[in-house]
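You will see two complexes here that share chain A, one where it goes with chain B and one where it goes with chain C.
Let's look at the complex of A and B:
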């Protein structure tokens, strides 16, 4: 028997260098903290400035003092806004629109996503991509044709939709439904196929499979989609600016701009206060549901 | 309780024919195992019985009714999946009772059935836990419990033990057998593991390339395989296949393996192979346990020969030996005290009473 062996004909030409894993990790951490701090400063300076300004009187804002310090703190901006019926009306409109939009969005996108993810019908894959593509068209491109459509609709039917807050219930879902459907498709697709097969064999209909298996299992994704829909409808500016004009029909972001800027007079203290108060509801929701939101967005990225 | 019949069942996906015309009769209360390599169509067949896949052609009959177009929920079947498919947000009890609750059974009935099934499967203590708090074996039990409480006409198992480790698999295998002895429901079980198939089945259905190769009891398949595929698939280590031909020397029928090695056939075998053409290319099929160390006195039909061993594998109660015959590796099983060593010569005995003779081109056992 001839024995064989691998004969070393050449050594590696680059010298072998031994690194240190703990040192590498330490540096990685330092860089992460550096950039995290940078981004934190970048994104927190603005709300901080809003808070500082909101606590100042108009006189102090226009005075040439240090803008980063409050010398005579006052709550007059807050009191002024919270006792103003107009501002509360904006707030109420925003809340109403957002809650309705979230409900409508979920009622459409959850069954749609379930159908697109699970019922393999002709063209379902193309349709799923199509849903996402509609999301990519910017609202700045759509608002003029939409306005025209509602105007023509009003002329034909006599049903006036323009300058009514509920027109937003029709418009906002064009933004929220595609994205939420997309999120939910991803989430539903990550649920093992055997789970619905087991349910079907157990005697569940498609609807029961959706309501009793898929929705509870995909709850984190559902919450993520809900938060998204809420944020979009709460913060939407262009559409309400175009479609609503009367003071009693305005939502918060537009209301602040139109009622607190009079000609070239900017009521900065109240603008900042209003923006800060307006940012509060999403902030509170995020604080409570942050974990679900992240879990929902990253679902399906990895298996298991 | 029901029998299951498949009549010329075909499944075609676009270009590929996954199942190519299967005929199968499963009697009431019978435990039938579909076994075969991956892609042989066994899972597809099971899923067609369940109604999870449409059939392209043929008929599936459960309890006398053609169910080709009946949706799964109305077929009155229960299925256990490889990955258990437990509902993650429900407790064990809720998982087991889901089907009954959908059908609006009275609460008391549901409770008694769940309790009874849990007791049978020894999971009474786990009844309020969620699936993620359970081990693999426990999850498998819950999945079985979910099937049992439904009291269906047919149980379907789709490789239920594949996700378990080897030790647990043996344990659950026995568990499944016990459950079947108690519940006595018609069962169709799919696996790629021939040991599982042999140990569980009343009858085994060996499938290959979308067709049934052979149907029979475990012992039938082992001792009387019909084709080379079945002969090679059933049994571990697998049957040896050595090219050979028949020759007649002085009125006696010999089987010639190599220029050096030829054996006279035992009388019974000689009579059986009398009409086989002498020059036809044949294959000798012989199981490892029929190649052993030579003894002082040889029985009739047992012939001896000398080989040099390549490799030996001591298994404790026996030693597996490997040697080459005409470029083909042959495996035998000898006594640990027979003196088998790597590279050493050894005198072996082959029991030709248990030989199989196969046609090389068709693979049919003669």
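Let's look at the complex of A and C:
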């Protein structure tokens, strides 16, 4: 208290003494806005350009008029894609995969995080570190051995998993579970111990402590982890490219690239429409739940 | 504390063990419950992460038809190929340049966002993070369209300034520049958000003290901001270095390694050889070159974890 009082007293005197401070500050502010606008243009030009192109007819695109403006806006690309069974199939596959993966991820990582955060057992500290290290292992290291593993598994058991969309349900959790567990450990560890002690004294079992105390209290963390799991499984490109090939098994990112690009003919209007529709679910989630999104993003590093 | 609270229960459980089935008591014990709760996680990590990682080491020692053990033959073969050294060079250029620029841009932009009044920060932050939210495969498609040889919107804009058509993905050096540019565009917002979060955690008193001591803006950054952000900078850079080094989507969609393999990085080349060329052992050997950077990261993080353990 004493220190803040001193600082508050000191601040006005300094401002009076150096009258130029406020002018400097104003200029700094102007420069900040100038550069921020520049960077905002740099980062938003892409989605806007996607939107512009998606509203053009292919005739207008090939006419090579000003690419930054739509002269005859049309929805034909949207109508074309949203009535094409193939595109809807990709969308459906993507949605199905993402929803299942989110569910699986939560079912695995929440109990595990609870156990690692609260119940100390043999090897729990090592396991927590191991979880974080697993998160760092990139998909591009694992796709070849995984592909071979599933091929061998298919030969042994006769259960063919390659080129089925549900193989992604087995593989995606390797990307989502470690990170979700890691941020849930962080959130669970920040809950005061008194809360679960009180619950245990009242006769709650471990399971009840988890569902009645930990999950409600750590709900923001849970939402952040869910968003992360969803965006990762929606955006994943390498695994579906490796594991699925036939048209009815593809998810959106791969589907757009393999089916809309036919040889050298690029139907850019449709490709951009597809890309925009593919980017829409994460963008919508982001627009509404930005704070959770950012909390999940920063939790990974600040708690690491 | 929790353990203490749980002791009586455990003793009671041990006493009644003979009356009820011992399985039930075992389930009630804390360590058993904890083990069961982490079991799916352990299984997932062991079967789908650790085993494939070791399996790829095994795969890398087999010949193309995967029937004969050839030891380090795949690596010998790789070391003799020019393309391999091209890929090594390009991977390093790609990862290091992209991470340095992402970190710099992220740092600068975070400062600008931090500078403006708190009311507007949310809006700006929201706009600047958009590139990170769009799935990279989707946004790279848009870049590909911007770089299109005949309809490039960039070239259209540049032609007003008298700059001739640039072969964005056609020429080796321009293609290298393009993939790095796309990666910076995609990754810089992540750094921005991280740095912004850590800038906000630097206490204002430190800046006030520095201002009283007559520090200029450069000294304030060098002696106050950077030391306070050191941990975040290290972790973020390390993390991004791994992700960028192992990047696949951007290079695959933008150039697919071309022109003439000049933009291939480890992941895309491994895909080209292992999946498209169905030489799985050679592909596995290529992707194993991602491991050294991982090992460095792991060492740093383990050191950090041990340090934290001592403090706690």
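The definition used in the following text is that the second predicted complex is superposed on the first by the 254 of 304 C-alpha atoms of A that agree within 3 Å, B and C clash if a C-alpha of one lies under 4 Å from a C-alpha of the other, contacts with A are read in each partner's own complex, and residues count from 1 in each chain.
One rule holds in what follows: a residue touches a chain if its C-beta (ideal position, glycine included) is under 8 Å from a C-beta of that chain, and two chains touch if they have at least 3 such contacts.
Computed from a prediction, not measured in an experiment: that's the story for all the values here.
Q: In this superposed model, does chain C or chain B come into contact with more residues of chain A?
A: C
Q: Let me test your reading of the model: by the given contact rule, A:255 touches which partner, first (chain B), second (chain C), both or neither?
A: neither
Q: Give one of first, second, both or neither to describe whether A:192 is in contact with chain B, with chain C, with both, or with none.
A: Only chain B is touched by A:192; chain C is not.
Q: Contacts for A:148 in the overlay, against chain B (first) and chain C (second): which applies, first, second, both or neither?
A: After superposing on A, A:148 lies in contact with chain C but is clear of chain B.
Q: Thinking of the overlay built on chain A, is A:220 touched by chain B (first), by chain C (second), by both, or by neither?
A: neither
Q: A:279 contacts which: chain B (first), chain C (second), both, neither?
A: In the superposed model, A:279 contacts chain C only, not chain B.
Q: On the A-aligned overlay, A:201 touches which partner chain: chain B = first, chain C = second, or both, or neither?
A: Touch partners of A:201: chain B and chain C.
Q: Once the two structures are fitted together, what part of chain A is touched by chain B and by chain C alike?
A: 197, 200-201
Q: For the complex, give me every residue of chain A touching chain C.
A: 3, 7, 10-11, 14, 28-29, 31-33, 35-36, 39-40, 42-44, 46-47, 49-50, 53, 61-62, 64, 66-68, 107-109, 111-112, 114-116, 118-122, 124-125, 127, 129-134, 136-149, 170-171, 173-174, 177-178, 181, 193, 196-197, 200-201, 206, 231, 234-235, 237-238, 241-242, 253-254, 256-257, 266, 268, 271-272, 275-276, 278-279, 282-283, 286, 290, 293-294, 297-298, 300-302, 304
Q: Can you tell me which positions in chain C touch chain A when the two form their complex?
A: Of all residues in chain C, those touching chain A are 1-3, 5-6, 30-31, 33-35, 37-38, 40-42, 44-45, 48-53, 55-56, 59, 105, 108-109, 112-113, 115-116, 122, 124-131, 133-139, 141-143, 145-146, 148, 150-151, 153, 156-157, 185, 188-190, 193-194, 197-198, 205, 208, 211-212, 232, 235-236, 239, 242-243, 245-249, 252-253, 266-267, 270-271, 274-275, 280, 283-284, 287-288, 290-291, 294, 297-298, 301-302, 305, 309.
Q: Per the contact definition, I'd like the list of chain B residues that touch chain A in the complex.
A: The touching residues are 50-52, 71-73, 77-79, 81-83, 85-89, 98-99, 102-103, 146, 150.
Q: In the complex of these two chains, what residues of chain A are touching chain B?
A: It is residues 192, 194-195, 197-205, 208, 212-213, 216-217, 219 of chain A that touch chain B.
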